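There are two complexes below, and they share subunit A, which is joined by subunit B in the first and by subunit C in the second.
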Partner chain A sequence: MSIANTFYNVFVKRNSVYVTTIFAGAFAFGVGFDLGVTSFWDRWNQGKQWKDIRHKYVEAESD
Partner chain B sequence: MLSRLPQGALKNAARNVNASRSAVRARFASTTSGSSSAFQTFLNSRAALASATLATVGSVAWYAHLYGSLPFFPEVHANSPAEEGLHPPQYPWSHKGLLDSFDHASIRRGYQVYREVCAACHSLDRIAWRNLVGVSHTADEVKVMAEEVEYEDGPNDQGEMFQRPGKLSDYMPPPYPNEEAARSSNGGALPPDLSLIVKARHGGPDYIFALLTGYTEPPAGFEIRDGMNYNAYFPGNAISMARVLFDGLVEYEDGTSATTSQMAKDVVTFLNWAAEPEHDERKKAGLKAVILFSALTAISLYVKRYKWSYIKSRKIRKCCLVD
Partner chain C sequence: MAAFQLSKKALSLPPTVRTLASGVPSASLLNLNARAPAHGDHHAHGEVGPRSDTPAAWASKISTTPVGLVSTNYASAKPTGVFQQRLVHTTAVAKDTPQVPDFSGYQAKSESTNRGLAYLMIGSLGVLSASAAKSTVAEFLGTMAASADVLALAKVEVELASIPEGKNVIIKWRGKPVFIRHRTADEIAEAKNTDWKSLRDPESDESRAKRPEWLVMLGVCTHLGCVPIGEAGDFGGWFCPCHGSHYDISGRIRKGPAPLNLEIPSHDFNDAEGKLVIG
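Now for the complex of A and B:
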């Protein structure tokens, strides 16, 4: 049985499974995409954001 | 292609050729007349006239826009271009690029410059203490800074207003109680509120930086009134604000040497943040949008080609033309 057929039988045949797959997939993609973009953003702007310099001032507070 | 013409078209064309006189046949025999007459027809057409006019007007307008004067008409001015305010140079801001966030260490230093220097005259009334939390200071630091300022609150249960130390939710204290007080303390000139000043001035951060560092002696022949100062970047060149940033004016806590340009850069970064606090999130969301929308565009182009491939590649058999 080809992959397409397996895919169809597992995910598409029952509408309840199909809709659930779409919703779960959208949620997982949203989280993953956000994580990916954020990690790129943090690497691109390394050392410039507040979270990169925050430790200096939080330690100063606890002294 | 010919099959799509109406059926009689070819016959009519043939009849016209046969009916034409011998003079026309003689012109067909010539080697160049056909193409040159087509070229002549194009030259005499309205489209050629319109496009030539459009090209001329467009290039003159473009030149005038670029250089501010018409080509081949030299002008002599009694004033210098500086009198309307020089255009500021473009500076390499740390947040200039499409994907660059603010340099938050610079925002923190810029707040210090604002507080110690600018706040003597300029208000910042759209920024609250809480806005600094998580941007340039920790919550504890900002609470301490806010408590140093007394705010009027009330009424209490006797119906009287009272003074209390500031809270995170209070806005930055103004240097003057009202506009009249600000004007009378500054020789009639109102120091503008700085909350949105970067957005409110042509040239944005470049202009503010150039203005702060651009004080010079007035050139020979430039009359400047008492209490005014010469600045080539200010429209009109006479500005009420004197030069305020001098080397070593503030002492940065992170050890950065406080030169004039360093302080100007930091305070402009701070003011740019004050004008656009959403800046970092906006650029990040823009990056996401560009990725998603370009992926969707690519998908829709592929689907279009896929659906149309059947229509584009079909062949029509010409089986049934009568005659």
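Now for the complex of A and C:
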């Protein structure tokens, strides 16, 4: 209850603060979502992407 | 005998209790002075007491006579308008207070109850919507951007050391020819000393050539788009064979139908590698 009231008093009471918080949160969420999805993608496709197998071919070329 | 008559009276009640058009209840032989139930199981009905719809004393009177209970109605006010009695009706029963259910059990204890959570949910939805809107706009604008293969073709690099002084080189850039001339000192002096303010498209040589010894121009005649011939024409520059436009050694139009000087593409010099980058 007190956490909720603190949240209300800090972020919601002034609409300018509320909207600013929402936009900042949207930015942070976008970045975080991007990073999360990318890391999940890389883990899911581990060993299949060019950056994972590049060292094999680049070494072979330089030999 | 009397008892028989009494019971007979009681049986002959009028079938319908009705209200006269004047608003006075008409209920002969009925005691309308009845009281409301004493126990208060209904709320919001006001205090317990005599019925509010009891007719006034001047309207009716109840009396006990030897023949039984007698109700006398005095008032017989005439209706003031067209009176249509409705004995059978389906209209809702009029009640003196609206029957509102009791919501007190569902009401929040105080103003701050659930307020923080409600605003948190609203804000979270706002965050998600703003993020989705920004992503939509960004992706849409991304479809307008040039793709990687186009960007890779958009720039051309030329080795400057391979062009000797006083020579023209023509390269292809974005599907158009580009003239690169390594000008001699005489040509630079000539280009600079021209009275360019009186030309058809007045431009100084300094504004056309980033470095005086290198002149980089689009090789497209500004008249109708032919490719001019280098080291030709009356002014020692370029000459367009299609309609006879003469350009000087700075690529400025001097004679003929072309309206503008030869166009200068955006270019840069990479001194570390001795290269010219066009685009």
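Keep this in mind: the second predicted complex is superposed on the first by the 52 of 63 C-alpha atoms of A that agree within 3 Å, B and C clash if a C-alpha of one lies under 4 Å from a C-alpha of the other, contacts with A are read in each partner's own complex, and residues count from 1 in each chain.
By definition in this document, contacts are C-beta pairs under 8 Å (C-beta built on N, C-alpha and C of every residue); 3 or more make two chains touch, one makes a residue touch a chain.
Because the structure is a prediction, the values reported are computed rather than measured.
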Practice task
With the two complexes superposed on chain A, say which partner A:K48 touches: subunit B (first), subunit C (second), both, or neither.
Solution key: first
Practice task
Applying the touch criterion given at the start, work out whether A:I22 contacts subunit B, subunit C, both or neither, answering first, second, both or neither.
Solution key: second
Handout entry: Touched partner set for A:Y8, first subunit B, second subunit C, both or neither
Key = second
Exercise for the section: Figure out whether A:G30 sits in contact with subunit B (first) or subunit C (second), or with both, or with neither. Expected result: second
Practice task
Please indicate which partner A:Y57 is in contact with in the superposed arrangement: first for subunit B, second for subunit C, both, or neither.
Solution key: first
Practice task
Could you pull out which residues of subunit A sit against subunit B in one structure and against subunit C in the other?
Solution key: 33
Problem - Residues of subunit C defined as touching subunit A within the complex - result: 112, 114-117, 119-120, 123, 126-128, 130-131, 134-135
Exercise for the section: Would you mind writing out the residues of subunit A in touch with subunit B in their complex? Expected result: 33-34, 37-38, 40-41, 44-45, 48-50, 52-54, 56-58, 61
Exercise for the section: Write out the stretch or stretches of subunit B touching subunit A in their complex. Expected result: 94, 99-105, 108, 134-138, 140-141, 254, 280, 284, 287-288, 291-292
Handout entry: Footprint of subunit C on subunit A - complex, ascending
Key = 1, 3-8, 11-12, 18-19, 21-23, 25-27, 29-30, 33
